[in-house]
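Letters are used for the chains, namely A, B, C and D, taken in the order the chains are written, and counting of residues starts over at 1 for each.
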Amino acid sequence: MKKLGVAVVGVGFWGRNHVRVFSELSETELIGVCDVDSERAKNIAQEYDVEWYTDSTELLKHEEIEAVSICTWTTTHATEATRALKQGKHLFVEKPIASTVSQAREILDLAHREDRHLAVGFIERFNPGVRRVKDAIDQNRIGSVVSGTATRVSKWPERVGDVGVVKDAAIHDVDIIRYIFSDNPIAVYAKLGTLRHKRYEDYAQMMLTFQDGKTAFIEANWLTPYKIRRLVVTGSQGILSLDYITQEIKIDKAQQTRIPRHEWEEPLKLELQHFANSVLANKEPLVTGIDGLNALIICEAAVESAQKCEAIPLEQKLEK
Amino acid sequence: MKKLGVAVVGVGFWGRNHVRVFSELSETELIGVCDVDSERAKNIAQEYDVEWYTDSTELLKHEEIEAVSICTWTTTHATEATRALKQGKHLFVEKPIASTVSQAREILDLAHREDRHLAVGFIERFNPGVRRVKDAIDQNRIGSVVSGTATRVSKWPERVGDVGVVKDAAIHDVDIIRYIFSDNPIAVYAKLGTLRHKRYEDYAQMMLTFQDGKTAFIEANWLTPYKIRRLVVTGSQGILSLDYITQEIKIDKAQQTRIPRHEWEEPLKLELQHFANSVLANKEPLVTGIDGLNALIICEAAVESAQKCEAIPLEQKLEK
Amino acid sequence: MKKLGVAVVGVGFWGRNHVRVFSELSETELIGVCDVDSERAKNIAQEYDVEWYTDSTELLKHEEIEAVSICTWTTTHATEATRALKQGKHLFVEKPIASTVSQAREILDLAHREDRHLAVGFIERFNPGVRRVKDAIDQNRIGSVVSGTATRVSKWPERVGDVGVVKDAAIHDVDIIRYIFSDNPIAVYAKLGTLRHKRYEDYAQMMLTFQDGKTAFIEANWLTPYKIRRLVVTGSQGILSLDYITQEIKIDKAQQTRIPRHEWEEPLKLELQHFANSVLANKEPLVTGIDGLNALIICEAAVESAQKCEAIPLEQKLEK
Amino acid sequence: MKKLGVAVVGVGFWGRNHVRVFSELSETELIGVCDVDSERAKNIAQEYDVEWYTDSTELLKHEEIEAVSICTWTTTHATEATRALKQGKHLFVEKPIASTVSQAREILDLAHREDRHLAVGFIERFNPGVRRVKDAIDQNRIGSVVSGTATRVSKWPERVGDVGVVKDAAIHDVDIIRYIFSDNPIAVYAKLGTLRHKRYEDYAQMMLTFQDGKTAFIEANWLTPYKIRRLVVTGSQGILSLDYITQEIKIDKAQQTRIPRHEWEEPLKLELQHFANSVLANKEPLVTGIDGLNALIICEAAVESAQKCEAIPLEQKLEK
C-alpha cells in the first residue's frame, strides 16, 4: 500500500508526539522535521532517522513530502500554512487554526484554491469517548438533548505560548459541542479573566445557546491544581458523562447507571491515521477548515462578549 | 423556656412537613393548621392534636399564634402573607416569596411597617453541606473562587403547582450562589424552554456574572429521570463539590482529595429551628425578605433574558 | 382482612423498631409490649396506645396475641421463646436464636411439638439488595460462583449486650452466604480476638469452604470507626457487589459495569410483614428455625476453630 | 558513574519489558539477551542494538555482564539461576523463584556460597501504592492492623505457562502481606480449583493467620472477565485501600476519607533500578531470596491445605 509522505513543522512539546505517531503508523512515512531550534530539530531527526531543517521553505522543497503537520506556535500558523499550501502540500494544522479569524479565512481560501486537504487538530474528536457520546446522542439513547457542560481545568501548562485559555483549551469544547449537537450556536455569552498570569486570560466561562433551545456551558482555566476534562450531556431521558482523560463514559437513566468498558486508545494516533487515510483516499477529513474557522469565530466572540458584557449573536458570523 | 406559638397555612405535600417539624421542635408549639381542603386540614390536625381551619383569617385570630409559615401555592403567598402580617404575626414564607417582584416588594414593605420578622424558605441554606462549602470558601481553602456550577434536575414533580422550573427549582441555586459568593450578580443570561409540559418552562440554563469576575452556571429541569442536586465550586487552589442530597462534600486539591464524614441532618428542621430562635431572640433570620426578593428579581430577569436572547443587567434591579 | 395480633417482648434499642413497624403494618395489630424496665415499657405503650407488662408470663395470657417477637438480650431468648411457645404463640426471635446451640435445638423441638411457626431475625435476608444478589446468582448472571466476601465493620455499638461480634454481626453474613450459595459449608477456619473490649471478641475473620469449591471470607469487627457492610460475590462471568446500607448493587462484567436504580426499602418492615403473612397463610417463613440453628452452629465452630487453630469440619454438625 | 552490565534471559512477553527498562535506566548497560526462540532473541537484540544468544551458557561467558535477570518459564528458573551464579553473575529471578521449594533452597544456598546478590521479582513491592500503604501502617495511621484482604482476578492470561494461579498470581499478595504486616504467617487455610482450565488451578482462596491475631484473605483467579488488583487493610483506627493498577490509595477514618494524589510510576522501572543500585552499592536488595523462598513455601502449603482440607501450620516450614 502506498504510504503518505509526511513532515512535521515545529517539534517542541506537542510536535514530537506527531513525529512519534507518524513514525509508528503504517499509513505514513515520516520524511523530515523542521524546527527553528536547530538542536531540537537535529536530535529528533536522529532519533527517528529522518531529515531535519530549521527553515520550512527548505523542507517543503522535498518532493516526497505530500502532507505537512504544523505544530508551531499559533502566531506562525498562518505563515507556515500558506508556505506549505503554496508548495502543494496537504495540511494538518494544530488548533487553533490561526491567531485571528481573518488569517484563518485566508488559509481556508488558499487550501480551496490549491485544492489541498486541510484538517485542524481538534484531537478530542478522536477521543473514543466522544465518538461514544456522539453515537449515544444520535441513537436517541438519552432522549432530546437539553444541555452540555464541559469542564477543562488544570494548572498552568508550561508549554503554552501565545494564546490564552479560550483559544488553547476552551476551543476544544466549543468544537466538541458543535459536533455532538450537530449544530452551530446562535449566541455566546462569556466571562473571562486573568487571575494569576499576566499576558493571557487564564480562566473563561462561556454559555452557548442554540436555535432549538439547547445550551452549553464551557468552563476552562489554567488555575485549578487538579486536572479535570469532563463533558456532561443532559437529555430528557438520561445523562451522559465523559471523562476525556480516561475515555470512560457513564449513562445515567431512570432504571440504571451503565458504564461500558473499553480499552483506552491514543487519540493522536487515531487523529493522524484518519488524516492520512483521508488524504490517501481523497476524502474530506472529519475536522475541516470550516470547523477550525467556526470554533475560532466563537472564541473571538466570547472574548468580545466578555469585554462588552453582552451576549454576542453568531449567526451572521459563522460559516455554514 | 418560652416556646414560639406557630401555625401552618397550607398543609399539602410540603406543608405537612412543616407541621411535623414544628411539632417535634422544642422551640415551638404548634397551635393550628389551615388548608382550603377541609378534609386535609382536619386529618392533619387530628394526627397532631391541634386546631384546624379552612380560612386563614379565622386561624390568625388565635392569639397564641405568634408566627405563621405559609406553604400554600405561590400565587396566594402575597394574600396570605399580607393577612398574617396585618394580624401581627411573624412570617415564614416558602420560596418563591411571591409570584411577582411587585408582590414581593409589598410583602417586604408591610413586614417592615409592621416590624415583624420575615424569613423566606430557601431550605438549601440550612443544608449542612452548604454551610461547609461556605465555610471552606470563607476560610480560603480553595483560593480565589472562579466559578460555581449548580445542577438541579429531576423528573416532573407531581406536586408542582403554579410556577415553572426557574422559580421553583433554579431559584434555590440562585440564592445559594449569592450566599456562597457573598455578592450579587451583575447580569444574567438564560435559556429556558418547554419540552414536555404545557404550561410552565421545564428546563432552564442560566449564567450569572459578577463584578469581580466570578461566574455561575445554573442548570435546572424537570425532565431528567434521575435526580441530581449538585454544586461544584472552582477556585484557584481547589475544587469543592457538594451533593445536596447526601450532604457530602469533596475537596479536590493538588495533593489530595478529602471527603469529610458527617451525619446527615434534616435541613427543614434546622431551618424552622433557626426561624423560631430568630423570632424568640429578636434577631434577623439568615434568609431575609431581601434575599427572597433578590432571588426572585434574578429569576424574572432570567425569563426576560431568554425571551430577548440578551444578557440582562441586574445592578439597577437588585436591592442592596 | 384478618390482622395478626402481635406483641413485642423487649423494647430497648431494637425492640422499639419492632413496635413501630407492627403498628404501621396493615397485616398486624399490636396488642402489647413487655420489658423488664417498667418505665420503658410504659412509655412505649403510651406512645402506641397498647398494653404494657414487665412480666412476659402476664403478657402471654392475652388471648388476642397470636404471635410474639422476642427482642430481649440473647441470654434470655431460650426462656422467653419457651414461655411463648408453651402459651401457643407463633414466634419471631431476633438473632442469634439463642446463646448456645443446645438451647437453639430445644426451641426448635418445642416449636415443632407445639406446631407453631418459628422465624429468626436475619434481617439482611429482607434487604432488597440481597434478594437482587440472590436472583442474579440464580439466573446465572455472573456464571459459576467462586467466592463471597462479606465485610461488616463499625465502631463499638453501645447497644450490644451479651454476645461477641461473631454471634452478633458475623452471623448475619454466615446466614446470607448459606442463602445465596444455596448450600451449607463443609468447614470453617477462623481467627478472632479482643483488641479493645474486655469481655467479648471484637474482631473476627472467618473462611467457610463448600463441597463444590466455593469459599466465603467473612470479616466482622467493632473496631473500625467507619461503618461498612458490604458483600462481594465473584463469579466466572462477573462480580456482584452489594452495599447493605444503601442497598445498591453493582454488576461488573466484561463489557460493562451496571448499577440498577431502586428505591430504598426498610428491611425490618419487609421482614415483619413477611412473618405476619407466613403465619396468616400458614406457610413456612423464609428464615426458619433451622437457618437460625445452622448459623449458630457455624459461629460456635468458628470460635472453636480460633481456639484450636484448626479448620473445623461442619458436615456432621449441621442440620439438613 | 559506573553502570551495571546486565543481560536478560528469556525475552518473551515479560522479559522484553526487562530489556526495555534496562536500556532506559541510567544505572545499567544492557549487554545481551538470550532466548530459546532465535527469531525472538534476534529481533529484540536488533531493536536495542545488543548481542543475542539462544544458549545462556554462551551469554554468560560475556565478562561485561555482571548481573542477569531470568524471565524464562518457571520450570527452568533453577537451571538458569544455577548457571548464572556459577558464572559469578548477580541474579534477579522473576517470581516464583522456582517451581519447587527444594529448588528454591538450592538457589539460595548457591547464591550464598558464591556470594552473589539474589533478588526475586515481586514487582508489587515497588508499586508506589504499596510503599504508601506500608508507610501508613508503620506510622500507625490506621491503628492496630486487624486484617488484610487482597483480590487479584482477571481473565485467563494467554502468557501463562507452567504454574497455576497460586504461584503465579496469589504469590504476589502472599509476599505483600508478609511485607506490610512485617511478619510471617503461622498457618494457611486454602481452597483452590479448576473451573475452566485443564492443567493448573485457576482460582484460589487463602486465609493466612498470624501470631498476634492478624489475618489475611487472599483471592486470586483467572476467571473473572474484569481485572481487579486490590488490597484493603483494616485497622482499629481506619481502613486503607489500594488499587494496585492505578496505584491510588484511600484512607477511611472516622472523620474523613482521604485520597492522596500522586503521579503513576512504573513499578518495573523502580524494581530494576533498585536491583542495579543494590548490586552497585553492595547492599541487600529489598526482596531477598528468603522472601522468594518463604512466599513459595506458603503457596505450597496452600496447595497442601486445599488437598487435605486442613489448615497447615507454617512456623516449622518458613525461614526466619
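Structure notes:
Keep this in mind: a contact is a pair of C-beta atoms (placed from the backbone, for glycine too) under 8 Å apart; a residue touches a chain by one contact, two chains touch by 3 or more.
The structure presented is a predicted model; accordingly, all values stated were derived computationally and were not measured.
Over half of the residue numbers found at the chain A and chain B interface occur in both copies, marking it as a same-residue contact. Interface matching across A-C, B-D or A-B places the copy of C-D, with more than half of contact pairs shared by residue number, at A-B.
Chain B and chain D, compared by their mean Cα positions, are separated by 59 Å. Centre-to-centre, using mean CA coordinates, chain A is 43 Å away from chain D. Shared contact sites, meaning residues of chain A that touch two or more other chains, fall at 226, 254, 261. Chain pairs recorded as touching, per the definition above, are A-B, A-C, B-D, C-D.
Across the interface of their complex, chain C is touched by residues 254-261 of chain A. Residues of chain D touching chain C in their complex: 143-144, 146-147, 149, 151, 153, 155, 186-187, 189, 191, 193, 195-196, 203, 205, 207, 209, 213, 215, 217, 219, 221, 223-226, 228, 234-239, 252-254, 309-311, 313.
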